[in-house]
């Protein structure tokens, strides 16, 4: 049994010299202005312990990491009928590609490419107003993180909306094929806000714990999601969590993960714990460069890669 | 600790009623003539034990399962320079698609789609004759299976050659981009023969054991491949082992696997063992229908899915 | 010199038995409700003569035929800089395909596929309001047709807007790449209205005359467009006027033409005259089935195919 | 009536200062070694007159210009059933693209992209040996050119074969879909030789005359091809003769044309005459830069553009 506190510290120290490398997302001012030297790491364990290093208590924009949680909420709400709206296979394309949508008649390949996440959010709304759906998301994240301060950064959400032409295009494309059940602007109103959730590594790691324990919060025993749905989400994270860089992440880290363009990554170690890292500099595939390095070292030190 | 012998028996019995379902590959007579009711299962453990059920000792054409082993041999022979010739990411396309090859300048997406397997075989040849390369493959498989009777079915190899227009097309396409280092016919001569390897579930399960133990044969202690290369292969199996059905397999079985059109599937349970199943009826994605069912039940019973 | 009045009559009579064949566009109620037996034909000659047959004075929705005129107006207004926003080559794809837009960075292939027509309309606006641009289009069509009654069918325009998800998707896609210079909704407001222009065959044939005479209205001598720009438009009509059915139309009719989903076709016979036909039933490529037949017979009888 | 001799002289002189511009094809030594300053022009008229300028009597490799003649021969031999093997629409893709072949099940878009030309040659063979088919092609070209010295450059044909991986890939791809009726190597044996035909501008212009006169050789009155098939070929030349640069050529020259990578272009002026130009430097689309300039000036001077 590895000393996990030490593994966290070592992973942080090993990746630290690379801090500042990579390219900070700059398509909206709120992201572009983030200090590239930020670097946080948090490991949440089933007994409630959280081991942290660096800026683990500083909130950042979780962006696409939110797709993991809206997928869980949508599955909980509409069950397997979600798969009428979105597939479960790797896309082999960039996160915002529209090409497959045309040949596949408006049904996106998986819930983690943008089109698929929008389709998932559409189903999560399930006839409610955009605000009701957002309220559920925020409430869920607060409960999971055990911290009522988790909130949406409305400045970021507004910027996402202003620069959201590509996501609007994907949404209207799906709308043209009848994939969406709510008006495009309703769906995007939720989507842009979920992406603008502001959380710390500590909060995010705790929020992911239920996925590492078959859908059950190990601290409270609450069954949040059917076990086979948690397994499904983990499998999708492993195969599709980093767009066209998922294979490299699977090899290096060996755990289901989901990256966000804000520099955050959530990693699930089934049966063990949940890890969140954050550092804004991205590699060419849009994954935190320093974050991925730290996770690679941590998974190796802890012996948690599922492929060894 | 589950009773693995019992897990094997139960998995076999659970899938047995579905025997005969699916569609037997019929593009060559040698495959089309196989009895659709065949069904074998074998689990190889590190202590040398092999638990079997059904037709586990009957040889079948391993077809694309061979790609796992030629990948291991190519990595052992030319190291990381293999990745100059082939990528490591899911393709999101069918096994024989040529579309990505054009936009990606003749470098196939991963070693398990046909183009990528051909590019891998090209590197495995490494300046030798086709026969020398084939000899190495056969010798390796015999040693891994612990059975000198493993051999190539030359009738199948000949049929593959006769019906190999699509693979020739992929090969000449790569040749046009300079991806291949040997003449197309040399490479295909090896490729068609590796696909025509005839093995039983028992042999195949034993042959895969080294991938479950960081590249080391647990029975002999022999280090056949660097640990990180075994991890790489497992990660690629998980993400790309079943073409555009890899996500479904990952969810259902939760283990790295590779299917072949002959109805065989090899599954690696890192740190635990190696499993081979065989039943000729294929699902729409070309994976053994009964085989996948049996693996799903086994992985669940053994608690070996990496996603729970 | 053929007797053109007789050619018109014969072409009409030859195609008449096929009246009612094909499929009437039904994506908006205003089009779906049109009588499929309508069939009109008009030939406008440079001396002001117009030979007609059938329902040549009944107004119909010109739809994509409008793209010819907005292309002329955009070229007149912004000149060759239009080609920064749109290409001039056949697309090889359906009228509403988005695939090429991705690989070609948001610049559509030609001004007649929907994306290209929207990009052309964007340039035609040139900083004005949507209403000012629409006013110019209507005024131009009235002047060309010599008929102040030409108008936009606001019911059709409204329906186009309501069902315009695919066109919105194309527009936002271009917007994401910076191709559009005005807000998407401004551009679509013009685009949906230009497509809803309601004109008769007589009006439409007269409106096209300037393209047959090097940009000059032969009745008034007014030079409306530089000769090389009229030639450019004719060439684009020949190569791209019927989407992925352009080759067939070029062979059968042998004249530059542009079809609309309302069943209208405008054909330009350089140096000779301008022809408009209308019959609502469409072939599989979205071109008026009876209209194309009539044009084929007319071009043959008149000896006007440019390929003989 | 323009003074055509003068038009030829002027077109030649106007383009002459650009001689040497563009890039000479260098994928085979026999083409790479051609003097970039060569420039010939020939206009063949129905009365047998040929007006020439520059190097109009020097033989060059006609390459893809041969596709026009094999299309004529295939249509003559197998009639409309040719269209079972190849389409008649612009491809919107490069000459050697394989992407559409996959989505369109192995039937190439038109007879002028490489795959389509190979499919056309396959039909032209029609059960004969490769040599018999080649003999027919050579005999036809000699008869059309009125010159028994027209021959295949076997050195060029051999080089084409040696560097033909891309064309082999296209061929095997079609073979996999059952498009080809003869073995790939038989078809390519004809194809590589037809492309290696060596002809002068004078010979080539005369060879094309029958296409300008509804399939009839105007000098002898011999009907070589049904009129509607000549029209078909002219339409395909106009829409597809220059791959993804066909729109630009149609606008600039306004005549059906077909370019070859050897620097030759054949242009048909229906009812008027046939023009061949040659200059080895190619523009980015693989069309002779100086040749296209000369044709543009000639068509303008003669008033032969079909779009004015």
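By written order: A, B, C and D. Residues from 1 in each chain.
Going forward, contacts are C-beta pairs under 8 Å (C-beta built on N, C-alpha and C of every residue); 3 or more make two chains touch, one makes a residue touch a chain.
On a predicted model such as this, the values are computed, not experimentally measured, just so you know.
With steps allowed only between chains in touch, the distance from subunit A over to subunit C comes to 1. Ranking all chains by how far their C-alpha centres lie from the centre of subunit C, first place goes to B. Chain centres here are Cα means. That of subunit A falls 56 Å from that of subunit D.
Remark: subunit B and subunit D have CA centroids separated by 47 Å (rounded to whole angstrom). Subunit C and subunit D have CA centres that are 32 Å apart. Residue positions of subunit C with contacts to 2 or more other chains are 103. A list of each chain pair in contact follows: A-B, A-C, B-D, C-D. Contacts from subunit B toward subunit D in the complex involve residues 97-99, 101-103, 165-166, 168-173, 175-176, 184.
Considering their complex, residues 87-93, 100, 109-110, 214, 227, 230-232, 234-236, 238-240, 244-248, 250-251, 254, 256, 270-271, 305-308 of subunit C touch subunit D.
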